[in-house]
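Notes follow the structure.
Labels for the chains are A, B and C, by order of writing; each one numbers its residues from 1.
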Amino acid sequence: MDIFIGAFRDGLTMLVSGATDVWSIVLVSIQVSGVAVLLALVLGIPIGFALGTKRFVGRRMMLIIANTGMGLPPVVVGLVVAMLLSRRGPFGKLELLYSQPAMVFAQLIIALPVVAAVSAAAVSAVPRELRLQARSLGASRLQEALMTLKEARMGLLAAVAAGFGSIISEVGAVTMVGGNLAGKTRVMTTAIVQYTRMGDYGPALALASLLMGMVLVVNILLTQVQQSAERYEK
Amino acid sequence: MRDRSVRPAAWRLAATALAIVLAFSLIGCAKAAEEPKAPEPVAVEKTKVVLASTTSTQDSGLFDVLIPAFEKANPEYTVEVIAVGSGEALKMGENKDADVLLVHSPAAEKTFMEAGFGIERRDVMYNDYVLVGPAADPAGVKAAKDLKGVMKALSGGKAPFMTRDDKSGTHSKELKLWKDASISPTGTANAKDWYLATGQGMGETLKIANEKQGYTISDRATFLTSKGALDLVILREGDKGLLNQYGVITVKDAARPEGAAAFMEWITSAEGQKVVGEYGVEKFGQALFTPNAK
Amino acid sequence: MKPASIAIQGIRKSFRGKRVVDVDRLEIRPGRTMALLGPSGSGKSTLLSIVGLLEKPDVGQVLLDGVAVTPHDIEARMSMAAAFQRPYLFKGTVSDNVAYGLRLRRVPSGRVAVLVSEGLERVGLPGWETRSALTLSGGEAQRVALARAMVLEPRVLLLDEPLASLDPLMKWRLARDFASIFRESPITIFYVTHDQDEALTVADDVAVMRDGSIVAQGCADDIFGLPADDWTAEFLGMEPPLQGIVRETEGGVAAIDCGGVTVYAVSRAQQGTEVLVGVRPEDVTIYAGTQELPPSSARNRLAGTVAEIEHAGSTFRVTLAAGTLRIAARVSRASVAELALVPGVAVTAAFKATAVRVRAIETGDTPGEYTCMSAPGTDITPPVDLQG
């Protein structure tokens, strides 16, 4: 157990003193995953809305894709994005590989199907009759959609949390397309891997605690919100 | 509704499959019990030996040849290679998570031995480091007259330089080169723009250097293995300061000291040294390592 | 605001290749309440969605005040409002719900508050604004849903089985409330229900739907008094209409020969006219066969035997056979016991001449269609009260 106690002491010291760039790593993590989730919401909620409310040709196929996407191995995403963006790849001219935009792009691909599938489920839980009701009171298509999203807000919150959770803890893809460059593309997960490789358990453990704390907080918030919603609905 | 009707069917299928598997395995058991016992083969209880080494050694492909040869010569052992950075490899030794180490970080190895974590250290082989970068050589390292000049040229920040920054052997070597040149790369004015820490293995770092069209220091083996995918060339090689000495260390109080000792003996023996010396000739047209065990 | 007339023409709608609505013509005149009756699955709700511009028909037109409109005509849609079987309320307060349509219409918030408060008062929930919509009982929620539609002062109000999910007590209380609210409001109302008692309570006019088509439409009294055909009669809990011929007329009363039995009806039908004749079961009184009939205004007294006794909710439906004629009566439990009614017992059925609905067979009208000119009960049967 000495190994843990020692590492924990080291990590705590670093966090408190701010001596290492642990905090800047956390910041990069939040920044990259935050932007990715935001984009995933902007694209994923309309897709989820269409999947959850409309009947159209190819809907089944898209649902299957979205649900498969939820199990999309991040390393596969990393591989494909790395190949696309690499200097010899089709988008090599952009010189984007090993940069934050590349990470955002990869995380967006990972989070998008999650957000789309979860929000599709949330939206389809809103009764069709409620939408009909809104329409019957004079709602336009847009107003009807806004009402539906408002009704499904708990589920959409779950989509946010699921999307964020799917990428903040992810290490494969961000390593492959981010490159773990210090102060630039180094995020919590890649830093933990690196510190562990180097035998620096202190900062690794410090970051691991922060990461776990972050995931925990997101899930506690979510559970809290959902429970209060359940109470409300009864 | 469709899901609900499908699910029971799926469960039934799964249950049936499980039942069939169970039935067959029972039959199999019964059969096995009936059959007369075959004469037991001469039991060779294989002992696992944990070898901690570096990713660069792993990436060079040496172990794919070396380990089978060792296991053939010593059938009582199987080797499990854990490839990490030199720093973690030594840490694994310190924590007794490995029985034997094959690393290339002479200074750190010295500290390790002095701290009493190892039983014995022997030289095994060396290869050399190369300085690679874009063919255009924007920093002008080719023209430098010695390594000090090279490092000075790099610190000008004309092009990015990738440091592995992972306490690996290669990283130690790079730090030593800066130190010998009396330059602190992180202390330069625009370090943030040109001195990029990857924190990753050699292969990844080479790829990043390639994408950024920057410089890095690599062991020759890894560079030769991955150069097909890279638009980088060797800009400096053969300088004395670029030599890379590998050492084998048996870990004190390890779980399997005999296996560790056997590995050390074999790799420093004429037989082991021959395998090391021949590796790479066939594949790359040149040997990647020069055996130098005493 | 002036109530609107709404009509549909040549509406067809199919789902997955199955024709669910096929209506040539249906009209609701301004300010009247039309109940659309029909068994489950007859296409009522789909028709309501089409009339309410919530769904597009495959072919056909919806006419609002004679002008063709579509779901894209936001102005037309804004002049309508609907409430459905289950009171689907939005998450939020009662006030949020009632205000929803008003906000869509960009009514100033001060005015919204006033209208919401008035609307809640109207449905008997004064001061309920701040309650959570999701804590309401079914009846309360349905009132909120109704208020939500009514505050918009729509020219057309669409109600799809608004009482079907309520318990009987609440149902009848609300049905009565609805009836008085509807009568006070100058709103054209399309009211879908499968319950004829409910339809009778709230509606001026009735349309009957079967397998996607309208089989009868007209004022409530006529539809219920004289079903258009055997199926409608059965659906409405009546015997098939009787067929007869007017033998003589005297003082507005026609004596109609129905297979040898004479039925007297207040009707302008001419002598020799072939007619259909119907009587509502609740208008028929049954007496034990041997009993001396008390003096009453019931001109028709038919002697026969009990052919059938069936439960019909809280009452019994007793079918009397007199010759080839069959006529149903609604009889209370107490009466069935008192009169010892069992099949085969001799009884007398009595009903007023004013209770008999008569329609000429060869009028040339589309079968099953009636025209109510104004208030209920002013059809072929004139509003003359002839004693006996």
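Here is the rule we go by: a residue touches a chain if its C-beta (ideal position, glycine included) is under 8 Å from a C-beta of that chain, and two chains touch if they have at least 3 such contacts.
Predicted, not measured: the structure shown is a model, and the values here were computed from it.
Most remote chain with respect to subunit C, judged by CA-atom centres, is B.
Here the chain at the heart of the shown protein, by mean C-alpha position, is A.
Subunit A and subunit B have Cα centroids lying 33 Å from one another. Look at where the CA atoms of subunit A average out and do the same for subunit C: the two points lie 56 Å apart. Per-chain Cα centroids separate subunit B from subunit C by 86 Å. Looking at subunit B, no residue sits in touch with two or more other chains. Along subunit A, no residue makes contact with two or more other chains.
Counting partner chains per residue, subunit C shows two or more touched chains at no residue at all. Interface residues of subunit A, counted against subunit C in their complex, comprise 127, 129-130, 132-140, 143, 147, 150-151, 232-233. Only residues 3, 86-88, 95, 97-98, 175, 179-184, 186, 190-191, 194, 196-200 of subunit A touch subunit B when the two sit together in their complex. On the subunit C side of its complex with subunit A, the touching residues are 49, 52, 54, 74, 77-78, 80-84, 86, 88, 90-91, 100-101, 104-105, 132, 134, 145, 148-149, 152, 158. For subunit B in complex with subunit A, the touching residues are 84-85, 87-88, 90-92, 94-95, 165-168, 192, 196-200, 204, 207-208, 210-213, 229, 231.
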